[in-house]
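Shared between the two complexes below is subunit A, which pairs with subunit B and subunit C, respectively.
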Partner chain A sequence: MTAGKFEIKAYPEMWKDLDMDVERFDKMRLMLGDIYEKTYLSQKNRPSGMAYFDNMIAEIHGGRIKELLAAKKEGKPVIGTFCVYIPEEIVLAAGGVCVGLCGGSQGSVPDAEKILPRNICPMVKSAFGFKAGRICPYFQAVDLVYGETTCDAKKKTWEILDNMVSTYVMEIPQMKKQTDQDMWLAEVKEFKTKVESLAGKEVMLEELNRAVKTMNNKRKALQRINMLRHTNPTPISGKDVLLIEQIAFYDEPVRFTEKVGELCDELEQRIQDGVAVPGKNAARVMVAGVPMALPNWKLHNLVEGAGAVIVNEESCIGTRYYKDLMDEDGEDIETILQNLTRRYMQIDCSCFTPNNERIDQVLKEYRESDAHGIIHYSLQFCHTYNVEEIRIREACEKENIPYMFIESDYSPEDVGQLQTRVEAFLEQISG
Partner chain B sequence: MTAGKFEIKAYPEMWKDLDMDVERFDKMRLMLGDIYEKTYLSQKNRPSGMAYFDNMIAEIHGGRIKELLAAKKEGKPVIGTFCVYIPEEIVLAAGGVCVGLCGGSQGSVPDAEKILPRNICPMVKSAFGFKAGRICPYFQAVDLVYGETTCDAKKKTWEILDNMVSTYVMEIPQMKKQTDQDMWLAEVKEFKTKVESLAGKEVMLEELNRAVKTMNNKRKALQRINMLRHTNPTPISGKDVLLIEQIAFYDEPVRFTEKVGELCDELEQRIQDGVAVPGKNAARVMVAGVPMALPNWKLHNLVEGAGAVIVNEESCIGTRYYKDLMDEDGEDIETILQNLTRRYMQIDCSCFTPNNERIDQVLKEYRESDAHGIIHYSLQFCHTYNVEEIRIREACEKENIPYMFIESDYSPEDVGQLQTRVEAFLEQISG
Partner chain C sequence: MYVGVDLGSRTIKVVAFQDGRMVDYKIEESGFAPHEQAREMLTDYKADQIVATGYGRHLAREHFADDVITEIKAHGIGIHAVLPQVTTIVDVGGQDSKVITLNGKGQVSNFQMNDKCAAGTGRFLEIMAASLAYPLVEFGPAALDSDQEVQINSMCTVFAESEVISMKNRGAPRQHIARAVHSSVADRILAMLNRIGFDKYVAFSGGVANNPCIVSMIRGKLVGVQVAVPENPSIIGALGASIEAAKLGESQA
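Right, the complex of A and B next:
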């Protein structure tokens, strides 16, 4: 992989069959390959277990899409998502596949801005633009997009997206009272019915219990790698862990879990051997806030490019996805759905009010990751995270935790300014 | 009122007792008086019944506040609100008072921007800034602020506002399924308990039924004036009706209903006598979208300054507040609360997904108001209305309704540009 130029593999015939804008997409493929090579393959002393994940990127527009299409051919539902709120257990139990959809790139934003307001979240615009421009093979391959009501921009954009691709919306509560739990249990049951109708079969108890185990194992593997990276000095770069957290949303879960496990074994050996990735005195940064969808490596690139290392992502593409397990071996389907509801209601998304659990969780992860400071990262116009940021900042001030807030988008325009701010912050926490 | 200079009356002693920034507030009072005089009193041929509402403005910082303080002295709860979702019937039945809070002025925005993100809705910033700067006597006088979860910016801002004034948040559903109705009924009951604890008394059946009638009568009066203004040519300016819709949020409801009724009698006479406010061939504009909180008269001023007339406000400060009545004479409290829940779940706020009812309602009001075109007015960064605007526009295109979209804030900066656009639109619909 490291020898010669890195290239994301091209499958123009398949893309054509998927009704994609092949010519335009092929240019994006080459650009992404270049960025990946510069951002990832230039890193020194990477664990050899990263080769699998490099290959997942090389095959992001091909190998994985083939697997999805093969699943579809067998009548298995393929569901595209953007949110940690999708009850993946139910999709897996029905034999289906969940895949995160494209939404992390500036390239598709202008397509969205022809229709959507400009002053909404870049992730929502990017995702919408990928579908509008027919430049995301995942969007083209899915049977259904799973939407939810976690923020105003997404909630209302599903109504417009539904004209281009069938979009199913689950209502996510905004508080955590008993009535909210009841409402969400009803939503989970309705979703199960929807998935069963797509799969043409009912979900059985055994399948559901197996799916719960599969998801728990995946979460445990991610918890393990996150725990290992917390070691000081850390055996793996923040960029690499972020990549794994991103790939978690589109890889096949059993294989992914196995590969993360193998990498963890290697990291344990590294820790034993004293092999570390950054310099011994590298500043350790924890990131909190909004998810960084593939290929949004902007902040990690800046921080690690300046010689520091990121040791935790408190985010949906990060710990929020895997911190909570659910009870296994439910005796009947009703019990499992109740357990599942309870598990998903633990998610401390900023869509909740109040969301005190998240403040506590940020402080907990800060201590566990042995970080020197926190960067709260938000996307522009993300009202819930941007207002909640006030409370995170106050909590950090109270605990004397060095803190910086960054609000950014996907464009390269603010990179210079961010670099100056990041370097000043690193200077402060290294001192 | 029209003789001599219009002035909003000053009550510096009372303001001091309310812990206000008296010096600063007094300057704002003078400015508001000037703007009111220019915007309202310069109008020709106004109905004489507007004198009452002019006086409500003259006493906005005094007479009405005195009434609130007198109610408080008697142990009656005074609750500040921003949203048509507050079940006012419950507050009235408990002997309490609902008042809309300040939130329509650029003057308080910089106070908010010291704490809140700049890129959120100007109404939320303005309201927060009025409390932070201690420059709204209503904010200073209320026992409680009623918050809700209709948008991300408000939902999360309540958490911060609660540090300055006790803020109670009701969860508003995002869909209209049975589970949402159930959840909202539970919220209504919890709110009733809260109001009862503030009032120190339980709400009785008779009081609740009386409150339902009071609110229905108020809504009927507003429906009546809106129906009368739909007459072509219209007997009252859009500015004046907007003012009445704004005052509806802070006046005492029985008196207000009576005064609107008297004005309606006068308007009926005017219609009979052929007395019209704008020129005979004035372009008739319907406004749809976000609420225009007092003193946000920006768009009305532009449209009517250009010789056209606004004949309908499809907005929370407008028809959304009064279009739905509720069943009267409930046999028991449970039945009334269920009727109330059903009534409030008819509100077609853009917080719902999907919100097809609103599309239909906009078209219905357009036909009823005999308008020549629709201006959809949104506030900056209001994601729900700004994305829903796409669907309103499509519906108007389909029906061949002349349509314009304006996204604005409270600053005067875009007035020149808006004027050009508004005039071009009026040209188009007059042709």
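Right, the complex of A and C next:
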């Protein structure tokens, strides 16, 4: 495998300019390249349209960062995010860029644990560690980190993170009553003012409407690929779709939409030609729960390594990001902001109470994806998902849906045990 | 002849199966190269099919096994073969403890496994026995002799060991501490049983089922439930694998 060896491209000069710990970061880059090669390039019968996304990974610490720096040079705001609650339309309308930040790796957790408590969510620790250790070019490049109050670990970490990088926090309501919606609308307006001050210009109606369309098109492209993978047998691996969902958070939206569209055309052709990725009788698994931030491919690797295929992610890096569209062609900015608030309030994050919509959504996606069973995946100390799991389990039991709950973190120490559990679950659903 | 191999974390078990019954078995401690040792243990048999289970199952498939099944399925098949009325299995092995429920046909319908720490497993008992200077085989009987127990509060192996050490240093009698250790493992197993639910017939499988104190404690706490221990609980996984091998062989014949 030496000739075509996959490598994430190095940009040491640029990293130095970004005040990164270059030596350490370079080691992580090589490791990530190896893992990517093993996890992704070893898959058989991949669609050729995945080449674009492979290249996005090869340029994850270079080409894409260059684009962000060029945007900054033109005075466009670059905002780092962690959550699907950021009103991206507003940032786009101001000419700005949203990028998902690093936060899915064990490598940065020790950096975080020097400061943060150990018993909080690994995603929050990993993200914080990436900034504390100066080992994420995105964190180094952004003007602002967008934080939100979806959980206690996050909202309190933002206070500490703000000392290292300017962190703007938006209050996300925990209920969906009228007062909560009013409050969220006020928050959205305040966020718009913040973005306008960063961009040095006011957001205009035409630009906002264009941004709404751009985001809708991106969501539609993601909906389309998710619908195509639901075909039985599926034309694309779950790992590949997860990767696309992860890249959705940092790629340029118009280009991304086009590339996902091209891949979808190819998948349609594959379906017509009867080209499938897994074996004929492969078990089909749906994953529900917490987001899997890049490069968290642990569960997908285990499930697909055991011969099954993942056909849906009910998650923020997954359907929760793209299942809801927004009304287009608003007549005035006030109306658009109200539509926007309504759209974002449909997101069924476990931070909400009550959250019956999510239970219904999980069952709906299970049926639509033609899955044979559900694995609910959660991270340690993610209390809202871990408790909500009980209700998901009860709903699955009621509907006779084979179900398993996995709580894990980013460390490899439980891989052996998880493999046994995943394989036993697959034996169970395969009869 | 069909052979099942269970490459567990502490021991390797081999069961030979022919004409619908077990004809031979072997148990050895896992060495450094489990697949080589397992292959050595297989040389006496002319196996038509070999099915591996346990932590080393994939390694075994790389080297000699025809197919693999998980310990969960293997214990399900094994217990169903020797105790067909059982619908709930408690399987406590070296590194893992599991509760498995079976449907009427003996297929796994649900299971729970301990989280990634060693609490409530055979390894936990080993560490505590060593800390109290008991050989493992004497640990259970000694605990059974005690009529009194001190309370162990920590389930974490490392913290529980610290607790045991401080009890020793406060002068608590050794067999009382031993009983407390056993009680904490039994409570852990009961918690898993309660979480998953159980019927009238529960079987205890895996190496820890050889420990008389744990079995007696579980029996004492499950009122109205028949808790059966098969004759040789350590080999149930290997037995299940050998039955699967026979099934595989017959379907190919």
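Some observations on this one:
Everything that follows uses one rule, which is that the second predicted complex is superposed on the first by the 428 of 431 C-alpha atoms of A that agree within 3 Å, B and C clash if a C-alpha of one lies under 4 Å from a C-alpha of the other, contacts with A are read in each partner's own complex, and residues count from 1 in each chain.
Here is the rule we go by: contacts are C-beta pairs under 8 Å (C-beta built on N, C-alpha and C of every residue); 3 or more make two chains touch, one makes a residue touch a chain.
All figures in this text were calculated on a predicted structure; none of them were measured in a lab.
Once the complexes are laid over each other on subunit A, subunit B and subunit C both fit without any clash. By the document's definition of touching, neither partner reaches A:Ser42: not subunit B, not subunit C. Of the two partner chains placed by the overlay, only subunit C lies in contact with A:Ala424; subunit B stays clear of it. By the touch criterion stated above, A:Ser166 is placed in contact with neither subunit B nor subunit C.
In the overlay built on the shared chain, the residue A:Thr335 is in contact with neither subunit B nor subunit C. Looking at the shared chain after the overlay, A:Thr193 reaches neither subunit B nor subunit C. Looking at the superposition, the partner that touches the larger set of subunit A residues, subunit B or subunit C, turns out to be B.
Contact with neither subunit B nor subunit C is seen for A:Gln269 once the two complexes are overlaid on the shared chain. After the superposition on chain A, the angle subunit B-subunit A-subunit C between C-alpha centres rounds to 70°, nearest 10.
Applying the stated contact rule after C-alpha superposition, one finds that A:Glu413 touches subunit C and leaves subunit B untouched.
Once both complexes are placed on a shared chain A, the shortest Cα to Cα gap between subunit B and subunit C comes to 5 Å. In the superposition on chain A, the residues of subunit A touched by subunit B in one structure and by subunit C in the other are 407.
Subunit C contributes residues 55, 69-73, 95-96, 107-111, 113, 115-116 to its touches with subunit A in the complex.
Subunit A meets subunit C in the complex at residues 407, 413-414, 416-417, 420-421, 423-424, 427-428, 431.
Those residues of subunit B lying in contact with subunit A across their complex are 115-117, 119-120, 149, 151-153, 155-160, 169, 171, 173-175, 177, 179-180, 182-183, 186-187, 350-351, 353-355, 380-381, 383-384, 386-391, 407.
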